[in-house]
Amino acid sequence: MTTPAVLTTSTLDAYAGRLTDPSVKPTDVDFGGYLNPQTGPFLVNGARPGDTLAVHFRSITPHFDYGISAVLPFFGALSSTPQTPTLQAALDDRAWHYAIDTASGSVRMDALDSDHSFDLDPMHGTVGVAPAGGEVHSSLTPGAWGGNMDTPEMRAGATCYLGVNVPGAMFSFGDGHARQGEGESCGTAVETAMDSTVVLDVVHDYVTPWPRIETDAFIMTTGSARPMEDAFRIAHTEMVHWIAELTGMSTSDSYQFVSQASLTPVANAVDTNYTVVCKIAKCHLKGASVYGGMHDRLKAL
Amino acid sequence: MTTPAVLTTSTLDAYAGRLTDPSVKPTDVDFGGYLNPQTGPFLVNGARPGDTLAVHFRSITPHFDYGISAVLPFFGALSSTPQTPTLQAALDDRAWHYAIDTASGSVRMDALDSDHSFDLDPMHGTVGVAPAGGEVHSSLTPGAWGGNMDTPEMRAGATCYLGVNVPGAMFSFGDGHARQGEGESCGTAVETAMDSTVVLDVVHDYVTPWPRIETDAFIMTTGSARPMEDAFRIAHTEMVHWIAELTGMSTSDSYQFVSQASLTPVANAVDTNYTVVCKIAKCHLKGASVYGGMHDRLKAL
Amino acid sequence: MTTPAVLTTSTLDAYAGRLTDPSVKPTDVDFGGYLNPQTGPFLVNGARPGDTLAVHFRSITPHFDYGISAVLPFFGALSSTPQTPTLQAALDDRAWHYAIDTASGSVRMDALDSDHSFDLDPMHGTVGVAPAGGEVHSSLTPGAWGGNMDTPEMRAGATCYLGVNVPGAMFSFGDGHARQGEGESCGTAVETAMDSTVVLDVVHDYVTPWPRIETDAFIMTTGSARPMEDAFRIAHTEMVHWIAELTGMSTSDSYQFVSQASLTPVANAVDTNYTVVCKIAKCHLKGASVYGGMHDRLKAL
Amino acid sequence: MTTPAVLTTSTLDAYAGRLTDPSVKPTDVDFGGYLNPQTGPFLVNGARPGDTLAVHFRSITPHFDYGISAVLPFFGALSSTPQTPTLQAALDDRAWHYAIDTASGSVRMDALDSDHSFDLDPMHGTVGVAPAGGEVHSSLTPGAWGGNMDTPEMRAGATCYLGVNVPGAMFSFGDGHARQGEGESCGTAVETAMDSTVVLDVVHDYVTPWPRIETDAFIMTTGSARPMEDAFRIAHTEMVHWIAELTGMSTSDSYQFVSQASLTPVANAVDTNYTVVCKIAKCHLKGASVYGGMHDRLKAL
């Protein structure tokens, strides 16, 4: 595709559409060995290593009127896992049905003997480009290339910036969530297929070491690593350097500034790397130009 | 004191008032071997092990018109520390002056060649009771007894619930911050002496394993541990059990509910334990009574 | 006591002698709220803050002809714990009886339908002085003051060096193990009461930041922290600085030296802090004097 | 190749032979974007997913009479790194020359103003097969597929067992070390090209989840993860299950057995995953057959 490009497509849910009935145990479903299928990769003409790919989410709309969340055996923040194994038995695996009402903007959880309504807040859990160094990672892993960051900040209206590692960037995305709590503690959100429109463009000759997000109100950095304090360290180090660059402050002043100004939500505490987000309100930037005004330009397109 | 009790007092800043001049290097200040002095302990009549102490923050007002933040050697999330040592040299230690204007509600950072205005958002970083088991911890450490959690959620209007471990609870607090970013990445906030009024009461025969916070809009749990994912696990496990208790849902349903509903800000990434907060909007509780309506009662007093 | 002092005493096992019958479930035993009782504290005349206490273990002999190991609920490296909680059920708690034969130097594990003989290798899991800064820690916690390091290196013939934090040092020890695997993965070793003789002396005006151990063949440093890589970082940083001091090498050369020379066993992966040991063979020290020859002197006494 | 196969080959050192002069700063060397080149992959005829590849190291001999170790910027356990970033300056990068004397079996470190002789103890830091799920990982990363585990246990006489993930296994190895301390704290060992002979065979229909090692005296499991306690948990969980399988003990008895019997050296504390090894002396196995006697058979070949 030639940039800026408007791309309208659909994404499968994280179960590849194979888990639809909450009365079926997830362990009885044949997922074919893979979870979290992505749409793409899309080759972005002109994107070269050393550039940054800008991905503006114009719309993210649930494709169906339901979503499914599940507790899978040995997965989730409040269970032992293959990476943090214990000798304990798995939690009972189970699926939950959610009714999605795009008209009213609500998501209704159907619990065993009650139900709960939440705001619909669609997002993509997985957004990325090809990793550096010829690596190939599972779509369950987040890293410097983006991937399965699982941050609710990746909603319509946001622009994600990803460092390009290979010619054409090889952009892909998926893992639609009708909504997700910060941390995604059970391991799955309200997983659902999505109809999404993204606008893509390239910032040439600008390296973005770790994924960043911009909205009308905030700039954000991300870090994905284990232990979680390392994800924190990455996100905050990236923000300190970015703020210094945007404002002309020294690194020392920027460190001080970020320490008093940041919001720091956990994105996920369940994936093969944990993700932490660092947010700074744009009102503090005194008009500094972020990626040359890319967010506003893609939004207006 | 007999509860409910209204307690109006002052707290020293984390430097015990010894660091006031940003042109002086923090390492040249004699802190007398101790940092972060607390006000208290206050013996709460009638508080017994197995009870919960409720601490409602009615007002938190900076005592002076300035605050000081500092980068201290080998302290802070973006430095090696005694607990995470490396062979690298320390960052330059330095202090920053902030002008506090309570009338306009602003905090102005005086950087080397610029200044930045933030919203004034006073809070107490350290709030706690005597630990269990006869332990005595530095006021720099957060844990199940509260202590140096450093969460910006501890602002006026919030009620903090602390499990009582010894007769009289032995409540103390301090470490006023005119404002603090989530994570407190450089290790210090806008440190300032505070004039504060708290209202104290006791919930008898109710165990609160880890500190909780209630505001008009949210209930919150906290976890303080290392690595940071363990702080996350504690906060989310506590919330799952609390929500199950409040709503009557099964643990499994509650886990699912929390996974989709939680906000999860990092409180601190710099103290001897890291602190993570889990927040659930009270609108989801369907009128469940939280601590028998304690928050509303103390607020109205 | 006046140093050098020879101290012969007994220590209770970690269950305070209350768990003796492997057919009784540990959860059915009333431990009175405390585990791991220590013998002491002993005030060491002349030991002042800034000094180092040397503790030479002349003999460590099981007091009884049996030891008990146990899996306790939510304790151990292969279980979730209060610090690393999950929603999973606890492992079945259970106790194992070991027959100790000091004559043949063997420990026999009585499993359900088999038995296994190991070498008797008595040690003390907990060895420490009063912490700095007025802190009081559970005897289950290891730290800069020593405490529950649970390293099998603390056997007869070893000399442990501990930094003195308070006048008189306030030495204590206990937690005898007839033997223990490195990591103590289930959380308990072959716990047994011990008859032990230690020789105490003071190295004046020499600060030992973290506990060290010397044997005829090795010098060792320890680090106790979470996550475990921080315990590693502490132990190795301490060794790099110590080797530089002993040999006169630069820090850079010492770092290189330690990287090729160290042995690094995990001591414990189960306590409130994890402990890692760094060992360097004394044959590499080219005759450098370790603590002025203290180990040899105490051994010869 | 058809198994059992004897494979004699050479491996480049981790710098691809580009760092030979200790007077040159490592940062001034052009490594071409990649470090740690491997020899292979070798397709093993008949190896299928679900099998285990056995790799017996018959001989590992330094190809040259020297090795090079280096401190690289932002690499090593006692430095901040891209995964654990801080704002501190890098340590000075520097290289060290080691003279290797295979006749006397010694390695001599040439420090700035001294030298130190160690035992020659050749090993391969990186030994692996193609990962599962189509992943491709940097040769700097260890994981379930083996890779850059950096354990000194991988010396001549050892047999490594690796789970096969793709047809033909795609075996590769390299990263020769003339010797290495446990933990490899500065990030590099005495790196050198090697002439090695390995014997390969396949255990059909037996899954090895994480790499294992067998010598005449020990069986070993490995875990590679972050934080380091997770590497410990993996290695010990794997050993508990393996011992239960080998001896017929219950999992509970095996957990108890491993807790008292294990040796647990840290392999590396510097790679993108940390590696911990769990060792059990074979004398405790009461003659249980390990991989059907594969180690003895390959050794005798």
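Labels for the chains are A, B, C and D, by order of writing; each one numbers its residues from 1.
By definition in this document, a residue touches a chain if its C-beta (ideal position, glycine included) is under 8 Å from a C-beta of that chain, and two chains touch if they have at least 3 such contacts.
The chain lineup, named per UniProt: A, B, C, D = Predicted acetamidase/formamidase.
Fair warning: this is a prediction, and the values are worked out from it, not measured in the lab.
*Asks:* Which chain's C-alpha centroid is most distant from that of subunit C?
*Replies:* So the farthest one, by centre of C-alpha atoms, is A.
*Asks:* Out of B-C, A-B or C-D, find the interface that copies A-D, where copy means more than half of the contact pairs are identical.
*Replies:* B-C
*Asks:* For subunit C and subunit D, let me know how many angstrom lie between their CA-based centres, rounded off.
*Replies:* The separation of the two C-alpha centroids amounts to 29 Å.
*Asks:* From the mean C-alpha coordinate of subunit A to that of subunit C, what's the distance rounded to whole Å?
*Replies:* Roughly 45 Å, centre to centre.
*Asks:* Where the centres are mean C-alpha positions, what is the separation of subunit B from subunit C, in Å?
*Replies:* 35
*Asks:* Which residues of subunit C are in contact with two or more other chains?
*Replies:* Within subunit C, residues 78, 84-87, 91, 226-227, 233, 237, 240, 255 contact more than one other chain.
*Asks:* Which positions of subunit B touch subunit A when the two form their complex?
*Replies:* Those residues of subunit B that touch subunit A are 69, 71, 76-78, 91-92, 94, 96, 107, 109, 111-112, 114, 116, 118, 179-190, 226-229, 232-233, 236-237, 240, 247-250, 252-253, 255-266, 269, 274, 276, 278, 284.
*Asks:* Applying the document's contact rule, which stretches of subunit C touch subunit B when the two form their complex?
*Replies:* Residues in contact with subunit B: 33-34, 82-87, 133-138, 225-227, 230, 233-234, 237, 240, 251, 255.
*Asks:* Going by the contact rule at the top, pick out the subunit B residues touching subunit D in the complex.
*Replies:* 78-80, 84-91, 227
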